[in-house]
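Each of the next two complexes has chain A plus one more chain, namely chain B in the first and chain C in the second.
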Partner chain A sequence: MISYSFDFSFLLTTWPAFMRGAWQTILLAGTSIALGFVVALVCAIIRSGKSKLASGLVGAYVEVIRNTPLLVQIFIVYFGLPSLGLRLSAETAAVIALVINTGAYGSEIIRAGIESIAKGQIEAAECLGLNKLQIYWHIVLIPAVERVYPALSSQFVLLMLSSSITSQISAQELTAEANLIQSETFRSFEVYLIVAAVYLALSVLFRVVLWAIGEVAFVRRRKLRT
Partner chain B sequence: MITFSSTHLIYLIEAARWTLLLSVLAFIGGGIVGLALALGRVSQIRWLRWVSSAYIQIIQGTPLLVVLFLAYFGLSILGLDIPPIVAAGLSLTLYTSAFLGEIWRGCILSVPKTQWEASNCIGLNRLQQYRYVILPQAARIAIPPTVGFMVQIIKNTSITSIIGFVELARAGQIVNNSTFEPFITFVFVAMIYFAMCYPLSLASRHFERKLNVGK
Partner chain C sequence: MSVNEATGTRPRNEAVPGAEPIIVVDNVSKSFGPLQVLHGVSLTIERGTMVAIVGRSGSGKSTLLRCMNALEEINGGTIEVCGNKVSMGDRPSVKRLRTDVGMVFQSYNLFPHLTVLRNITLALTVVQKKSRAEAEAIAQKVLAMVGLADKAEAYPEQLSGGQAQRVAIARSLALSPKVLLFDEVTSALDPELTGEVLKVMEDLAREGMTMVLVTHEMAFARRLADVVVFMHQGKVWEAGPPAEIFADPKTPELRQFLSSGL
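What follows is the complex of A and B.
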């Protein structure tokens, strides 16, 4: 047993690097969340639609993604696609892999929301003379997303955390930045303690921002509460 | 030039045993700690609730990769020369316990309050209430999400490849380093993961349907 003295003095010089890493993670996760939400929405609409073939294909996509590790998905996108002639930068590959991943998880969540809309709601809307598109938008889709929004938010926070895995293909983000600092300072344990704290702060930040977006986006829910 | 062959495939499948072993370790360790956390979260003692809640929040708010690094480097600064499997097992246990604790808390809370009151009325103490009334019912509710979470455990063991533990994902990298055929290699790796995870996903869905029929 050797004695170990903690030394955080490297923070004085490396703090900007940590902040840069945090900002890169915010950008990476933010982009992936935005695009992933669109993919999830489209997939959920197709899956709860009438076309058997289309919904079957989307179903297969969802199952494949949900039953394989993100790390392997990242490897296939980053190392595998170039051998098929598609060369991507680490950041692009990271975003693509994260979007594909969240798209699958998100679509299952949104689909559950769509299925939870009571038939009576749609019938009532028909009686009021709304057309198909209006019904789908105002009665089915918006309330469905509104209902599952908390679950979606948690999924998005998890995505932000798992974006740390993209450091393995040396995409620029917080963990990659930490790996670099660690190899320069040899203060591995301290570096990752700091990183853990920064991720903790980021997950709180994401939760707050996602909550705020929900408050702005879902006017009806806000009005119902007050 | 070495091309991807059946030898490589057999190597991958053999490496998958380590993935399974690690998953089992994580599930057992995480299950024990997770149960303690779930009980702590619904405890009547305030500091116990507070501690288990803080633990869950911290672990769920940090990436598994960082927890893994902390376990790996943290154990080594204690002067322990530990093999990667210990760090891998420890970090996966921490991770699994936080999520299982939260899942199981939900299951305990979903047992109707009247069950508590009724068992109180027939004179059971708190331990007996858990043992004979609450936990058996909570366990029934817990089966589908727990089986579903096993899929997450199996998938997350892939992250331990990063500290050099040779399981399926790491074996894939090793094969790729000798064959330079990343696409086919990692597609096979993905297929083996799928073969392990998909049955569990189906089972989880099956149990969920069965449970809903019972209601």
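What follows is the complex of A and C.
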């Protein structure tokens, strides 16, 4: 049998780097989630809207993103855009790529929510005198997002985990920090085990925060459970 | 029809001798693509009366009701509600129409994400720009009218069908409409729950609300309607006071409809 003796002593000196990496991942993923949600919402609205052209364009964007690898999308933003004269830091490029990516996935989720709103709901609101915008906000969008919020939350946690891939362009985040530590300590196994544990903790953290946001935003969910 | 039932008409019938038309449907046609659903329908509804529209499934009853409330665009003829011509394209006229007319649906169409109270106050605050407090006072009042004062904080999924439908009626009432349209509002309910909804509608009728209802509740129509309209193949086939319509049908179609066990 192969024997391997674990040695975690490097943690004594490197734990601040892990913490820094975790914090950078929180910032990177948090920013991407917030902006990605806005993009997803806008795209979902356009896609379920009346304009065939706009809806088609958004549809094309969604399909392209969903059928290409995230890593390639990141490379295009980071290495491609400078050729057009747009110089981006690795972190900015990472956020842009993650927002574009999660905007596409999120818009499909929200669109499903929008389309699940029954026609009778809208007619009832029309009969009560609400105008188009009021109906869209109160009767379509809010319940649609409420309905798909669990799926959306999972998508956002997935985004946080996927953000590790931005280490490939050396964006500052947890996996990049780990790569650095690994190259200095040569304890690959231990380093990545620890990184996995930290990602696990981050997943729990993101889930809890997203859950709490849902509790505040969607009162019914909270009330009907008690 | 027995003598007893014939005398069961409401006192307000005499009080309002059909003076003031509130809805005038004139020669209205409506098609869905190649399918013509309404063929030159004409109908006048007087203020303070209850008009019951009966007929077989598919005869165009719902479509007629929906045309009255600009949920469907008509292809010919005119509809006037409270003196205003109904036209889906004309936004100010639709807006006026919505304040004059309330509508209650078979499937309740309560907003599932909002409490009963918020279902009722939504239009009061968002459309009529009333303060929250004022809107809630109105909501409490109409909830009491339908016997559901204790359900203000409930969510629609916590209600029985009968309760949900009464909330839907209260939601329409809160906006003080001049006319209420009811499209088979008891058809989705278990038989033991229809009574509580019909009771609310009867109360409204007695208070003089103008009501147009599409219904299969023949006993209810016979007892409370001022006018019964029998629709057949997209036309007003027969119309008149319930005593005439039920006791003395003129056409074989109506006779057959009445004897078909409805």
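Rule of thumb we're sticking to: the second predicted complex is superposed on the first by the 217 of 226 C-alpha atoms of A that agree within 3 Å, B and C clash if a C-alpha of one lies under 4 Å from a C-alpha of the other, contacts with A are read in each partner's own complex, and residues count from 1 in each chain.
One rule holds for everything that comes next: contacts are C-beta pairs under 8 Å (C-beta built on N, C-alpha and C of every residue); 3 or more make two chains touch, one makes a residue touch a chain.
Every value quoted in this text rests on a predicted model; they were computed, and no experiment measured them.
In the superposed model, A:D7 lies in contact with neither chain B nor chain C.
Using the contact criterion defined above for the overlaid structures, shared-chain residue A:L128 touches chain C, although it does not reach chain B.
In the superposition on chain A, contact of A:E215 is made with neither chain B nor chain C. When the two complexes are overlaid on their common chain A, residue A:E184 makes contact with neither chain B nor chain C.
More residues of chain A lie in contact with B than with the other chain of the pair chain B and chain C.
With both structures placed on the common chain, the touch criterion links A:S167 to chain B but leaves chain C unconnected.
Listed in rising order, the residues of chain A touching chain C in the complex are 118, 120-121, 123-131, 134, 138-139, 142-143, 146, 218, 220, 223-224. Interface of chain B with chain A (complex): residues 58, 60-67, 69-70, 73-74, 77-79, 151, 155-156, 158-159, 161-162, 169, 172-173, 176, 181-183, 186-187, 189-190, 193-194, 197-198, 201. Residue ranges of chain C in contact with chain A, taken from their complex: 69, 71, 95, 98-99, 101-103, 105, 107, 109-115, 122-123, 126-128, 155, 157-158, 168, 171-172, 175.
Per the touch definition, chain A reaches chain B in the complex via residues 1-2, 4, 63-64, 66-73, 75-76, 79-84, 161-162, 164-165, 167-168, 175, 188-189, 192-193, 195-196, 199-200, 203-204.
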